[in-house]
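Letters A, B, C, D and E mark the chains as written, and numbering starts fresh at 1 in each.
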């Protein structure tokens, strides 16, 4: 496929897309989290559901990402991870993330966020210890990557709400699933 | 600095969600309820005023002996009430304004449910600092 | 409305009226006394006229008529300022009486806010307020700074029985018993005198009286003399339907009959008398006086000139004796006269005139700084304005002015202030300005407690009545007044006010307020001895976390004292101490599932169920803890309640929480239950009865009964605990049903500091349902606390004997599972499953009674390999079935061996499920399961790693490098033996054991490594011969240490080692039938020193480390060696030398490979060639050169000297490959092939025959292409160096 | 603070929220789902109004507050004002947004074969997306001391009108 | 184009030279081979039932892709024939032409495949397909009531698509 017009920079896209007041986004997410906390009492369960929601969002979001970023192939995990951090976070959340801590065989890395609109004004009460407030992000990444045939496992290794100095997501590539021929060869 | 200054935040449904004795006087058990009584009673006055004026800062709306009640009513009808014996109104006013900003930060915390007690220690320390600064 | 009709109006018309001074002789009183009345009292009822209808003219000759009018009669002795002390006493009595009256409804129900609001002023206000206020005002009368109390006329009364009444009249007046007002010149002593002679008809006919009367007329003037005859009725038995005197007799006792001797004629006489007293004398006199005074005033003061003069004159006299009430004004002074004028005018309703004069005078007084008088005038002005009903502002201004001015004038002023305040309040009330009125009340409350109490209370009602009602203010002022009442120990009133305040303060979260109110009411009640009410209020303040520690202790102390005073052990529903965290409620019971340990109950049900799946026939959906969501109740007999077994305890965990900072003792904490037995049961009716009782005290009754009666149908556990300040504790309670039926857990009860019993109902404190994954559970908490109690079934208790908590990795231990069957029935069909077979494995009956580890020793102490039968290596079944015949009889215990292998360091929790069936068919349950949970912590011991590399010298031989590091800090290990398990692989030592290392033991922290050789066992050829693929694992062992175990070897092919090994293999994902390039190693070792760190098991045990799936395949599947002579003697003189070599190729891949060997010409391979070699050396077979060297060193040592020379001198000494320059062969998988090679050498020397290349490629079947294997499918290899030395033979 | 994020963030978040509550947590109990979604909106509105009224004097009457919602509040949230405000002067107000952002991309096929129940499902799915904005409005107003009930009408997409009934 | 809020992601479509309908059929498959979308503007001949038709089309693409990849002389790593690939892996064809029609094909890394069958004389449609892809993003993935992976039923998408396709030369 022609790569004549290569991937566009995150900033360029962010400048071009429709934007909304971040507070609305932040508060909406917060309200959702709280509703979940009240509905399903157990923090573990909330983490799970948030991740699940994120996954579903990722599935939808990936196409917009590809269309706007003009990325034409996501075969190399390293490359893709970079894309997500540099372009993806920028074009959606307006913040830049960095990719670090590559392991030897290039299947595991960390995405680090210094700044995260999701957690503006958030303060974890004692009752919510163990809550991964931003768990939706990990879900989004997981979902998006799965759509480009990368099965991954995304976990939080640092969380500012728990007193760390940044947010760090560890993304581990489990396997790349090729596209199968969906139909039985009955004829 | 005010010798007596009892600061209370009252939610719209008349529930005190934050209380602090910020006066320089040593905190005495036996006046705690008196202060509450005065502020509590003062709300009758606030209620009258709240819908009649649109001003946020209502100074000295009520008094009991030498104690004066000043109130700051937000658009959301949350009432920041101060029971004080000092007389520097603009000090009090700016105290209210800054506390209001802090309060909004609290409100915006999604995990804080409106109308519940404010337990954030950070908030508490900030408020007391402001009290030292302005009252 | 007409001001005169307002309350204030009436008050004024009542209070501000002309005063008539009465002077009388004792005999007069005597006469009246017969009626139980004094003279004044007798007349008073007839002194207020509803329509007297007297024509009057104003000063300016405006005619008008007076309708309502009133005279006030006083004995001269009473015309003076009343004593404050006395007055207060009287007031006090009034209040106390009122209090007594209230006592009745103290214990009544609290008034609600809304009904307070709905009810009118009159019935909110206590009735006695009016009276109180009036009395209060009276205490200010006859002050000299105002004139309306000054007597207008003087009535001299003489009895007809007196001798020379005429003289009596004279000295009556002259006698010095006149009030001070007249004497000290405050008022004009020249006062209108009226003379009255009273005749008592009891003393006979009035002739004598008439005679006197005529004398009087002649002496005092005809119209100022009167005759009054009374007591006309004989026997004094006259009944008066409505007794006119009652209101005037303060101390009227109902028994005493008033006016017994007065008949209707007397009435009329009296009426007539007072009538013309007023109309003929008083009013005309005042009218006249007003006219006269008015003329004087206008003469001296009206007009501009006069005013200037007046003003200048007042400036003139600067001498003001005392600032308080200015100069003394005699009656003759113009000021006094103006004041009199004003007051008279006021009393004659000529308000304009009054007002103008008040105005006039007030300025004067002001200038004179005669403050008290000034205030008085202002007061009157205010009232006048009110009566004129004009300019309310003015009126209020005046009142306020008066009020403040009074306050300025010392203590007496205080009282006047109060009076004007009261009038002011009335004024505001009539104008519905209740808020302001309240304010005034507050201001006149003053210091004196009782007084202020009343005022504050009135203030509070004003707030209540104001529109909109100001309830909080209402409450606050009630509290304030309550305080004052308490100060003047009117406790009943205090309670009354406080209780009223509750109605508005109820339910506020203003904690301090709540505490204050309830605490004080409580205290006061107990002071009055109403302890129950006291307790009920004190309860409210118990959980006061926000209060300081000292306060909390204080509250608690008072509460407990009060409780003691009540005498009986009080039982309280919803005792707020301690707080019970309903959401923490957790019920654990055992139906078909039983638990070996509390730890096991903590595990999620889902986890257990997943483990049980294969074991349990059909997974029934009871739940271990009702907070868990479950959906299907299919297999339950009773849908909405759980099942439990007679004699087996139901455990309930509930969290108690202490809001206080002080620790609180709790005792007798136990559950409240109802058990409704099956109808066929003995004591059914008793229990069913209890089951019906639903309301709280009923349950407390029944529970009590059950606690005490030992033959009750269930047993309850009883807990004591002490909650530290701010502490929270989970409390474990149990109930054990003794009969079948339905059991309901109602709530929990406890005894607080051994005096108060508290209850808490679970259902009332029901927690809201969790909603997970959209599934809604259909069970309400109430249901989940109901149980079907079914007939007892056997229950196994099980545990693992001496399972350590901490072990070192690799440890292999023998354990025993012990099962006890307490019941008399036996159970069968035992099954068992373990969550982590890697760590815990099930042995078999055999090794129960053999001694371990000896049993693992090999019979023959040889290192020869054994073969594992294929069937032994299949995966361990994850459900273990005990032998058919195993039956655990009642009251017996049952043992079974288990093996523990600490496979990997870290923490692991082992879940064990034991399934068994009950052996009598009609039992309600067919089977039960026992759930066990053990946590194991494994420390790292030895860290073992293997590295395999092909050995060039010989085919199918590999060098194994074993690295061992002792990770422990304390322990030393003895390395005992190493076994290899794999297809045809055979491990052997490179050198004899003792030469490898100094000591066979490994100190803590020590590490070492050694080389071993791994070679194909010969049996391969046979296998290959008959073409069958190799499918049998061989085990070969080598002993690494001669010491320990008497040089015995352990057999890795015996279980448990074998079993664990298989698990390990599975653990690493690959199938057991791995390809033949895989080999496993088992290292067996044990700790040397018996000294152990605590907690770690020190029983005799082996350690085994399993390293699985070490691949022997090098990067290229093709390996080869060139075999042939190394040293040849040849006579070059005869011919060149032909040397034949054999290249043996081996294909280790599982696919066929095609190999091409290209021999290169020596000329064409230069240094490039050698460089390739060097890269080859450094790159591929790293770490094998040196080894191969020292393995070959013996061979080449002697010739090395010579051989190097020719190499170095001329490396180009020629030799050529003969035969085909390139051969291509096809190698079937896992096979070797020999290929002949030949070279010609033309001159002696040492040659390196490495100049050939192998190109190989695997022929892959298509289906495996996508395995993503790391191994390439084709490649090219440089030849190995092979040194051949040819010597000139001689 | 002028911080911004891409519109797709909020869009997809809201979409997913509605989806999760309707189809995962409260499948087949749409009323419950609706209540939850509305509650979430309520909290957001509650907070936002507190935030946006920070430097403005209190409203002395209802109309003022409503106007605030139409102008400042709406443009903060949707970058545009309400296009049309109607009231009956008896406590009912109708706010119309001619092109309501959150519905601008919502469309279903006037489907040929799905039939009646398909239609209903589609409309129900759509209406589910209205509880959130309704909740926001209600939360905002009640934070300003005006308890009310809010409903929405999307009879002609992408226009959407919100009906506010103030509780007397 | 207001709908894209001034975003210049989508290439503005090539200006229509000859007004009229060059497009015959359009398919859209997702990574699982589900036919998300099928629309025909001009298809006189219909032989198969839709399922078979879609299946055939997908099969054609699938094998064509792996073939092209296999025959790729440039790339070093040859996937075996028929061995499935990652989307975007190896080389990929973007159109072929027969004497009667032209088939243009694009595949996003997320496995969305857009197939547009047009008149044989139509030019390079890669940009056009990209644009259609962005239409899909805008009106399908962002449609709150569209469930990912299900057949597309959004008239906003249809209308915009029709309008655009009409302009293709």
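We take it that a contact is a pair of C-beta atoms (placed from the backbone, for glycine too) under 8 Å apart; a residue touches a chain by one contact, two chains touch by 3 or more.
Model, not experiment: these values are computed from the prediction.
A.B. asks: Which chain is most remote from chain C in terms of Cα centres?
C.D. replies: Comparing chain centres, E lies farthest from chain C.
A.B. asks: Of the chain pairs A-B and A-E, which one is connected by the greater count of C-beta contacts?
C.D. replies: By the number of C-beta pairs in contact, the winner is A-E.
A.B. asks: Using mean Cα positions, find the chain sitting nearest the overall protein centre.
C.D. replies: Per-chain C-alpha centroids compared to the overall one single out C.
A.B. asks: Once you find the CA centre of chain B and the CA centre of chain C, what distance in Å lies between them?
C.D. replies: Chain centres of chain B and chain C, defined by C-alpha means, are spaced 24 Å apart.
A.B. asks: Based only on mean CA positions, could you tell me how far chain A sits from chain D in angstrom?
C.D. replies: That gives a centre separation of 27 Å.
A.B. asks: Using mean CA coordinates as chain centres, what's the chain A-chain C distance in Å?
C.D. replies: Each chain's C-alpha centroid was found; their separation is 37 Å.
A.B. asks: Approximately how many whole Å separate the CA-defined centres of chain B and chain E?
C.D. replies: Chain centres of chain B and chain E, defined by C-alpha means, are spaced 65 Å apart.
A.B. asks: Which residues of chain D are in contact with two or more other chains?
C.D. replies: 7-8, 12, 14-15, 19, 24-25, 43, 47, 51
A.B. asks: Show the residues in chain A shared as contacts by 2 or more other chains, in ascending order.
C.D. replies: Those would be 17-18, 23, 27, 29-31, 34, 39-40, 56, 60-61, 64, 120, 178.
A.B. asks: Show the residues in chain C shared as contacts by 2 or more other chains, in ascending order.
C.D. replies: Residues 771, 1266 of chain C touch two or more partner chains.
A.B. asks: Which stretch or stretches of chain E touch chain A in the complex?
C.D. replies: That would be residues 5-10, 31-34, 55, 58-59, 62, 83-89, 92, 94, 106-112, 126, 130, 133-134, 136-137, 141-142, 148 of chain E.
A.B. asks: Give every residue of chain A touching chain E within the complex, in rising order.
C.D. replies: So the residues of chain A in touch with chain E come to 1-2, 13, 16-18, 56, 59-64, 66-68, 70-75, 147-149, 176, 178-183.
A.B. asks: List the residues on chain E that touch chain D in their complex, please.
C.D. replies: Those in contact with chain D are residues 3, 5, 138-139, 142-145, 147, 153-158.
A.B. asks: Can you name the residues of chain D that touch chain B in the complex?
C.D. replies: 43, 46-47, 49-51, 53-54, 56-60, 143-145
A.B. asks: Would you pull the chain C residues touching chain B in the complex into a rising list?
C.D. replies: 463, 468, 470-473, 475-477, 479, 508-513, 515-516, 547-548, 550-551
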